[in-house]
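Okay, so subunit A shows up in both of these, paired with subunit B first and subunit C after.
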Partner chain A sequence: MEKALEIKPKAIKSPSGFSIIWRELVRDKLALISLILLILIIAFVYGVSLVLDQEEIVKVDLFSIHEAPSEEFILGTDHGGRDVFGQLIIGTKNSLSIAIIVTVLTGIVGIVFGLVAGYFGGHVDNVLMRILDFFNILPFTMIVIAFVAVVPKYSVMTFSLIMTAFLWMGIARLIRSKALQEKELDYIQAAKTLGTSNIKIIFKHLLPNCMSLIIVTMTINLAANIGLESGLSFLGFGFPESTPSLGTLLSYARNPQTLEFRWWIWVPASLLILILMLAINNVGSALRRATDARQRRG
Partner chain B sequence: MWKFSLRRIMIMIPQLIVLSIFIFVLAKMMPGDALSGQIDPNIDPERIEEIRVQMGWYDPWHEQYASWIGGVVTGDFGDSFRFKMPVTEIISQRIVNSFWLSLVTLILTYLIAIPLGITSGRYNDTLRDQLIQGYSYLGFATPLFIFALVMLWVFGFKLGWFPTSGSVTPGLEPGTFDYFMSKFYHLLLPALSMALIATYNTILYLRNEIVDTKQKDFVLTAKAKGASETRIYNQHILRNSLLPIAAFFGYEITLLIGGSIFIENIFGYPGMGQLLVESVTLRDYSVVTATTLLFGAASVLGALLSDIILSIVDPRIRIK
Partner chain C sequence: MAEKLLEIKNLKTSFRIRDEYHAAVDDVTLTVNKNEVLAIVGESGCGKSALAFSIMGLHTRAKIEGNILFKGEDIANVAPSKLNKLRGKNMGMIFQDPLTALNPLMKIGDQIGEAILLHNNTLSKSQRREKVVNLLQKVGIPRPEHVFEQYPHELSGGMRQRVVIATAIANEPELLIADEPTTALDVTIQSQILDLIKDLKDDMDSGIVLITHDLGVVAEMADRVAVMYAGQIVEVGDVLTLFEEPLHPYTRSLFNSIPNAHGTQDKLHVIQGIVPALQNLPRSGCRFAPRIPWIDEAAHEEQPILHEVKPGHFVRCTCYKHFKFPEETKEEQHHGVS
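So, the complex of A and B:
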């Protein structure tokens, strides 16, 4: 009996999503290197921060202010005598974590919004798109800064909620156009004729068919969110100093002395942001090619 | 065209109203009121309450909104508690600086992006094209503030070619040629930093547009008639590809505002972006409200402008 199950016809099956992605990655050396680099950075950062004590690192030590890189502090210390290397690791972890949280939250809001607008179309779409247009016009940095000013209990959670509130539009727009095309296809019409409820069609039929677009968009959003978060932290409206992010380290460079003479504080963090964003973008473009048969290289 | 423009303006009005309500609510949520910061601790709290009642602090929200928006329309944003002077006055100094910075940024962006986009599209898939695409990809992936910091570090501090803060050398007489040159010199590096990063949209758009147009029939016809390559590009292709770029001009305003917040803070350039960040940090709420409202209104108007230009350039948009 078990044998019979094993010899199930396999040959006719078209290659699975993962094998296509894998093939595309192997063809695109840059994307493969990026992926490996990313995995290494993530593993290192999350691994080491298990051992490192965040409280210990952000503790101000007045006897070792602005030390140059040495044996004790690989990347020197900042204006509070805190070890820059330790902050770099914890900062990367915090930056990555918030970028992931924001990407997932914006993803959920944007996907639901886009699916509903695209699937129902007509008046629903019209009203929803006007709302989206409005959010889209607001300059992101400005509005987040203004919000940060009024939120009384400011924490990582409120920060990511504020970011989400003004970042869901891009993915919503993409999903909406996809849903508009998709809903005209026969399988949706068939499901409708069979009397399937709208909610079920949206989440059981429409959503899976938007999945490749969602994955690609969210990957690229992840890179963008790392940049946005570090930008806000740089201006002083992101994480508080007790929870350093990569942007916090860069914000020390707003002091001209630090910018000019103490490169070890801000250059490594800038490079890390650049590497992370480029690597994630490279993986994202490989994913995009994998999802679009016309662009595939392999 | 007029019908479309009119409809588009009708959409804009509710947008502006929602924006103003939005910012009014934000302003109400900000702790303190117009009196905090001016209150002398020796004044009787009851007297302060009286003034608050007089100023309408306890009126229903729609009445407060009405009187606030009435002030805004006539250019009255209240007083800044940091500078102890009317917000309108502070802003009118800053807004001129920001305007020049944005203008020079825009000009530089197009000066860099258009030739690169054309080259990239004309010689697509050659080494030149790949280099240009590599540059625009880097511009897309690099956060503006990191790039600006590096520019300031290299050209401002290490090489000392440009001033590292301010908008003009102190002591110069306004109106003189030296004053003008000093202003321009001060905003060149910030504008260039922003422009170099902002080009990727235009380059990629122009490239794709030209690559598409190249294969159209009218280009083949021109070729068959023996028109020279240069003539084909300048007369036939560019005319078709450059117009949509003009239309994105309005949307650039939103991007410029976002960028100026970073650029002005990094280069210590006294414009609106710097004012916003300083005011939020120092809790100078009347200024925060005024700057956000102005920035928001500018973006709404920019989008309007873009849509109208687009409808002139591309008649298909008008149908609907």
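So, the complex of A and C:
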């Protein structure tokens, strides 16, 4: 009798966050395929780039300009005689790294900013939101162009930082509105009546309750940031040719000759961008559905 | 004379509406003694909860004037960091809605454990766990070891309210504020929760401020009753006097509105009108006057004050001397209540 009573609650234990996400992914085959594809691409890119030497790949070789795909160069070479396949791998790695770093950094800044503004409200909120508005009206593209012109040599890290400085506002807004909603609930007041300090309430009570929103937003942001980096590089305001990225490969297609006759330079990169963004968005929308019981399929 | 635990002196809590401050709690003076239940009764919007939140220092953007003395120390308008030393340790609060008063993402054990940890970090983890399990047992939760590991959504409303109470009493506070602790619960659970609060009061010898609009709860629990209307105390007295001999028209109207199982009345008595919105509250004269229009204006005081009609029994305004329900006097019937 005692035993039976003890076992029963385990059987009706409500599903944890991960099992809900997993059920949603299993039900949504497209999202599952996207996730597997994403993991494979990321593993492949980061794995292979360990073996590849960036210096070697970006070295100009005048004897093998614009070679079509062959056994020596799987995806041919570009106008500098550089291996396109190698550039694709290094480029994807760079693009992904930037997107991940930017997403994480904007996430951290935006979350802290939004939580503080939303939780304290009043004057604190007013001042912080005016600062946010100021950043919002700055012309992002113009400043990046100026940055490229002023800073002679920039790396993945500096480029990520400059992007972060202008991209944290969206998530900050979102988190603020969620925090404004959430702080009105009694459990926040109850925590106050226990003598919990504000910092503790923000990070122990408010943050976990905003987590579903944060995860979903950051996933979707990741896709957007890949696109943004590629776009900037395509316009020539991203990385120089010595640091390949998906965008620099695309930008070679600005040459009509390349666009028409040398597909191997730009088609793989475009396809990869398409696949990455679609896959991340699919996973993101499955995550979004998982956080809302009414939309779940699983 | 009983020992004074909490003394509220001329408390005025005002909220800003369109750049003007309006007092939701207006000139309230009250005392709570040790081992005593003070009930605060009134309709929705009378300022009961605003008063409770003022005591706990939960208003972030209100203007608070007057004094709140907790064991002789003024806690009105002190910094939250200073207040945090008292809150949770010397004073606790039970919330109205157990569905939202618990963090949905924290295990029950951790939530109660946090209350203990904040004020006593000398205990080891296992000692704390033991204390939490004891608390859960004390508030009548079956299989506390199991509930310790559960999340709030896995418990029923009554169970959750017990957890809320366990959290509030974790450090055996001297003052417990219960803001409509049974409003969200059904009647059978209600009496269990009330019994629980009563037992805890006797156990810990603490003072309780019970906020409610349920006069049944008041009769069951309270030692003294304060009736609030439109931010003011209109009548204070001990529970027997007030139930036997309510004086103020508002108090009498409240009693008259209780459904009566073997009553002869066909219709339930309804107090005309509603509590006016905060910015429209009349700031002079008897605030209840607009809702008893059949009473002559001359019967009210211009600036009503609390009169001590008997030792310990205070009534605001003189209109109680002339107040009669429309049904009671024939000639006033044509003023009519619908």
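The definition used in the following text is that the second predicted complex is superposed on the first by the 283 of 298 C-alpha atoms of A that agree within 3 Å, B and C clash if a C-alpha of one lies under 4 Å from a C-alpha of the other, contacts with A are read in each partner's own complex, and residues count from 1 in each chain.
Here is the rule we use: a contact is a pair of C-beta atoms (placed from the backbone, for glycine too) under 8 Å apart; a residue touches a chain by one contact, two chains touch by 3 or more.
The model shown is predicted, which means the values in this text are computed figures rather than measured ones.
Asker: After the alignment on subunit A, I want to confirm one thing: do subunit B and subunit C clash, or do they fit together?
Answerer: After superposition on subunit A, subunit B vs subunit C: fit, no clash.
Asker: Between subunit B and subunit C, whom does A:F140 touch in the aligned arrangement: first, second, both, or neither?
Answerer: first
Asker: Once the structures are superposed on A, label A:S197 by its partner contacts, choosing first (subunit B), second (subunit C), both or neither.
Answerer: Only subunit C; A:S197 stays clear of subunit B.
Asker: Please work out whether A:F44 is in contact with subunit B alone, subunit C alone, both, or neither, and reply first, second, both or neither.
Answerer: neither
Asker: Looking at A:D186 after the superposition, I want to know if it touches subunit B, subunit C, both of them or none. Which is it: first, second, both, neither?
Answerer: second
Asker: See if subunit A has more residues touched by subunit B or by subunit C, and give me that chain.
Answerer: Larger number of subunit A residues touched: B.
Asker: With both complexes superposed on chain A, which partner does A:F234 reach: first (subunit B), second (subunit C), both or neither?
Answerer: first
Asker: Going by the contact rule set out at the top, does A:G121 touch subunit B (first), subunit C (second), both, or neither?
Answerer: It touches subunit C, and subunit B stays clear.
Asker: Is A:H205 in contact with subunit B, with subunit C, with both, or with neither (first, second, both, neither)?
Answerer: A:H205: touches subunit C, not subunit B.
Asker: Quick one: classify A:L259 as touching subunit B (first), subunit C (second), both or neither.
Answerer: So A:L259 only meets subunit B here.
Asker: After the superposition, what is the least C-alpha distance between subunit B and subunit C in whole angstrom?
Answerer: Minimum C-alpha separation, subunit B to subunit C: 9 Å.
Asker: Quick check on the complex: what are the subunit A residues that touch subunit B?
Answerer: Residue positions touching the partner: 130, 133-134, 137-143, 145-150, 152, 223, 227-228, 230-231, 234-237, 250, 253-254, 256, 259-260, 263, 266, 270, 273-274, 277-278, 281.
Asker: Going by the contact rule set out above, which residues of subunit C touch subunit A in the complex?
Answerer: Residues of subunit C touching subunit A: 53, 56, 58, 60-61, 80-81, 83-89, 91-93, 95-97, 100-106, 114-115, 118-119, 146, 151, 153-154, 164, 167-168, 170.
Asker: Within their complex, state which residues of subunit B touch subunit A.
Answerer: Checking each residue of subunit B against subunit A gives 11, 15, 18-19, 23, 26, 29-31, 137-138, 140-146, 149-150, 152-153, 157-158, 164-165, 254, 257-258, 261-262, 265-266, 276-277, 280-281, 283, 285, 288, 291-292, 295-296, 299-300, 303.
Asker: Once bound in the complex, which stretches of subunit A touch subunit C?
Answerer: 9, 14, 120-122, 185-187, 189-198, 204-205, 208-209, 211
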